[in-house]
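In the two assemblies presented below, chain A is common to both, partnered first by chain B and then by chain C.
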Partner chain A sequence: MTIPIIEVENVYKYYKQARKSFSDKNKYVKAVNGVSFSLYEGESFGLVGESGSGKSTLGQVILQLINQTSGTVKYRGKNVSTYTKKELKAWRKQVQIVFQNPYASLNPKKTIGWIMEEPLNIHRIGNKAFRRQRVMEVLEEVGLDHTFMDRYPHELSGGQRQRVAIASAIILEPEFMVIDEGVSALDVSVQAQILNLLKRLQRKYRLTYLFISHDLNVVQYFCDRIAVMYLGEIVEIGETEELGRSLKHPYTKALFSSILSLDESEELKLLDGNLPSLLEI
Partner chain B sequence: MNLKKAKSIPFYIGVGLIVFLLLVMIISIFYTPYDPNAMDSANRLAAPSMEHLFGTDNFGRDILSRIMEGSQTAFIIGISSVTIGFIFGFLFGAIAGYFGGWFDEVISRFIDAMLAFPGILLAIMLIAVFNTGMTNTIIALGIMSIPSFARITRSSFIQYKEYDFVKASIAKGAGSFRIIFQHILPNAVSPILVAVALSFSGAVLSESGLSYLGLGVQPPDPSWGRMLKEAQAYIASAPWYVILTGLAITFLVLGFNLLADGLRDKQDRKA
Partner chain C sequence: MRTPILTVENMNVSFELVNGNYKALENITFSVYPNEVVGIVGESGCGKSLTTQAILGILPKNAIVEYEKMEYKQVSLRELRDKDWREIRGKDISMIFQEPMSALNPLITVGKQIGEVLKVHTSYSKDEIKKRTIEMMKKVGLPRAEELYKSYPHQLSGGMQQRVAIAIALIADPDLIIADEPTTALDVTIQAQILALFKKIKNEQKSSMIFISHDWGVIRNICDRVLVMYAGHIVEEGAVSEILKNPKHPYTKSLIQSIPDHRKRGMELFTIPGKVPSLQDRKIGVCPFADRCSHCFDACHIEMPMTKEIEGTHTVKCHLYTKGAGLTS
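Take a look at the complex of A and B:
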């Protein structure tokens, strides 16, 4: 817990809203509104917040899949915006992403074997035989076998697809992975399996996770530290154990009290009303 | 199930017509009942008979042989102009849709302008500049079909570039070339196939139109459109000439239109 692997400094991401008439002023959706935090090697960092709070945007900005409006993202002390094309490609080997919907994150026209081999092809690693061998190894590591190689994504269940998505992310042995709602689309029993798989992989590859989710239960189970995002800003950040006890922001208080407990004496504090529009803040 | 089958019938009729005309075209390369250009002045405008199944024209040439020979021109022009339209339309559409920005703006406005302009007029203009003949007809019809390919490709690329599998691949370090050809193209194949079938039938029709006006394929290359023009003068004395030639054009165009409709239905059912 000493060297930050990722540092996010004052990152803003605004989307310009189309004007309805010429007299309208330019309006901006403030998806990410001045966020700073650091991720340390080997930790699981949870990013929670409801839909539209900007957590997925932030995850994609960190991986430079979306360019930020301002602010910097540093990887091991180096500003990733200053990477040359070659450096960027090399960096992409170190960082990976797993998306929420395993039905959309695998190309429907390609076999599992092709999808798994793609990262190795992109970075020209090994020869054909080596790549096949490596694909089989990693498939077994995520609990699938080599018979899956010739199948297409539509022949697989949601859990199996998510395993494939994870396998194709770890095949390059990255150091840092963004799990963007990685288990939210799965059944509860499958969620637990995938979470355990991620934990096992973390120990083996010394991975650092940025775990994005709206599910507090899952985040509390999985993460060492948690940040709560609300309307594009981080309103609370801290160790998982402490965070539950010393809440400051009213939003997080309400959020944490919404976790279902078996204690019947406790009354639920439900949030009323809708989120304000991101255009208005 | 029965409804599904009933819906597929036009599709198979379309495939049947195309396959049949394709066979006719292949046979005509090796064999026609008569020499398509051999004149027989004793036998002018003969009605269909066992000797001349489709009759003869105003120079006594065998109409069946000429229609068979003409199918080669129709297919060559269709295939070549669709290929030109597809290659350029796909490239422009893919780049515009994938990269967006000012390049997209320029190409989109250009497509709009070309679509707003009657295609056949554009082809006539190009031919006026570059002169008539087979090659120029192909180029003109090819250019005519670029905008529709570009538009369809562009919209598929805009749709698919936001998909998670594309983003996941970018996150793994994939370059634009790989994204365009390995990830988006295989998924955009079916709408593009519909466009291929439609622009093929469009090209056949436009070629006939141009040749009818005397602007398309020039003698000695045979052309259905020009035969139609020649037949027009004898519409009362030798109606079979104009009817049979017209049917050849109709079948080929109808075949590709039914094929396109069928492909679109299949695609809709899947989605």
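Take a look at the complex of A and C:
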């Protein structure tokens, strides 16, 4: 059995709610409520669920962009909370994140070349000439030519921006990437291009992906294993094919039956009501 | 033959920009029949929203709209004055936008916003308006309508906000509803609920709809007929089931092929090379898709293809069917 690259053990993330008066009891939003799973090298792991189910919070806890209330996250067997500052910085090279909205995640005042060079500067890699060379290489890797280096984000289309976001994530040659709704904002034709790109990069660099999405069609296409989150908990987890064949949890069943199929024989089934507020449970 | 509720013939829209005039829509011709849902599908920037905005007359001032005919129930829309328009918008034709949060006024309670339509278009008393508003809120599936009547948009979830926007669009019982990506911003489970609501409205109120989406799943689920748009042209038109089964235009075919699903796992997804040309880069008088098309031949770069009837209502604008051998694979 291969060793997991990421191990999540009993992770909780509670947010304290502001009290309206002194006599009120403390209330907590249980964004992530006792989650455990492991990610293996080279796999694409899908995390699905509705808005507010805690997918993104979990992704950010794994990268230690927010600290968990309790529980541990291990990277290659080592607890990431015990990292020293120096170790943490070195680890940050290994893990990267791509966000949903490429309009918001790129600095509008900087050129693409500057944005992409920044991670190399932070980690003091190479000299100026080497860094420029590296930026050009990676741009080519994601299907953009070197003329993009002097352009600004607003001159690019949504698909091109997402390519830049992916390029600046892979420039440090990470091992593990969180893709948080990375293709949700794109047209299907562009989405297909980006998904193919991610697959190609995965093969080339042996990347491990945590793929967060609410689009079940995309997740079922892209991921080897899928975990379904509901109200901060993982309610079902399994191999994609197995999961698609025999759904156990009623919520997963309901979620998968609301996929809009192109098949005429399949009728749409409905899940009543809204997701309850996390304060109400 | 049924008479269409909305007819658009040879509509052209161009924009006057600093460095010249640019054509955004060319020869848009289509009809919507009573109790029919017509979908418009295509990538961003193909002119889906623009088409409906031109019909409603809500384009910016630098837009030039030309047409041979644009009629709603035998009334020519473009000859209407602003005053007449106000009578029609909201009451006869209403619109639902993609982002419910930006479509609703954050400072006014949702009850008031829904009731406002009746206040403007009818002579009902205050109590009558409130009664009808609450009825409508219940109809679109808003829970605890009496309580929600007094709440503000930010207090509601995305799905509930969209229901409020739908209630506003429906309360005056319009005959034509234009919905611009109404479920794109919602979760799949909520999307399924909203689509079911639209179906119910179609069956109960016998309204017609124009439904814009880039999601073929949504189109398949709700629409009777679909228009496929590319770079300001309608390139293919026909019954949804027919087009999904038997797409003729290379663009339609590519769009459908690039949809990911579990059956394509492990396979490379089909992609269309290049991107939709911007307004300034469009070529006039030739097939707009020629540069990205893998089946393109000489004629495609020389002239604009004619609309060719495949069978019944299924039409396609592609040289392959007028000059070539058709699309085989």
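Going forward, the second predicted complex is superposed on the first by the 275 of 281 C-alpha atoms of A that agree within 3 Å, B and C clash if a C-alpha of one lies under 4 Å from a C-alpha of the other, contacts with A are read in each partner's own complex, and residues count from 1 in each chain.
Criterion: contacts are C-beta pairs under 8 Å (C-beta built on N, C-alpha and C of every residue); 3 or more make two chains touch, one makes a residue touch a chain.
All values derive from a computational prediction rather than experimental measurement.
Enquirer: Would chain B and chain C fit next to each other on chain A once aligned, or clash?
Expert: fit
Enquirer: Using the touch criterion from the header, give the chain among chain B and chain C with more contacted residues in chain A.
Expert: The larger set of chain A residues in touch belongs to C.
Enquirer: I'd like to know which partner A:Phe99 touches here: chain B for first, chain C for second, both or neither.
Expert: First partner only, chain B.
Enquirer: After the superposition on A, what does A:Gly159 contact: first (chain B), second (chain C), both or neither?
Expert: second
Enquirer: Using the touch definition from the top, say if A:Val218 reaches chain B (first), chain C (second), both or neither.
Expert: second
Enquirer: So in the superposed three-chain picture, is A:Lys109 touching just chain B, just chain C, both, or none of them (first/second/both/neither)?
Expert: Only chain B is touched by A:Lys109; chain C is not.
Enquirer: In whole Å, what is the nearest CA distance you get between chain B and chain C after the fit?
Expert: Between chain B and chain C, the minimum C-alpha distance equals 12 Å.
Enquirer: Could you pull out which chain C residues touch chain A in their complex?
Expert: 43-44, 157-160, 187-193, 195-196, 214-218, 220-221, 241, 244, 254-256, 258-262, 264-265, 268-272, 275
Enquirer: Where on chain A does chain C make contact in their complex?
Expert: 50-51, 157-159, 187-193, 195-196, 199, 214-218, 220-222, 240-241, 244, 254-255, 258-262, 264, 268-272, 274-275
Enquirer: Inside the complex, what are the residues of chain B that reach chain A?
Expert: Where chain B meets chain A, its residues are 163-165, 167-175, 178, 182-183, 186-187.
Enquirer: Which chain A residues qualify as touching chain B in the complex?
Expert: The contact residues of chain A facing chain B are 60, 63, 65, 89, 92-93, 95-101, 104-110, 118-119, 122-123, 165, 168-169, 172.
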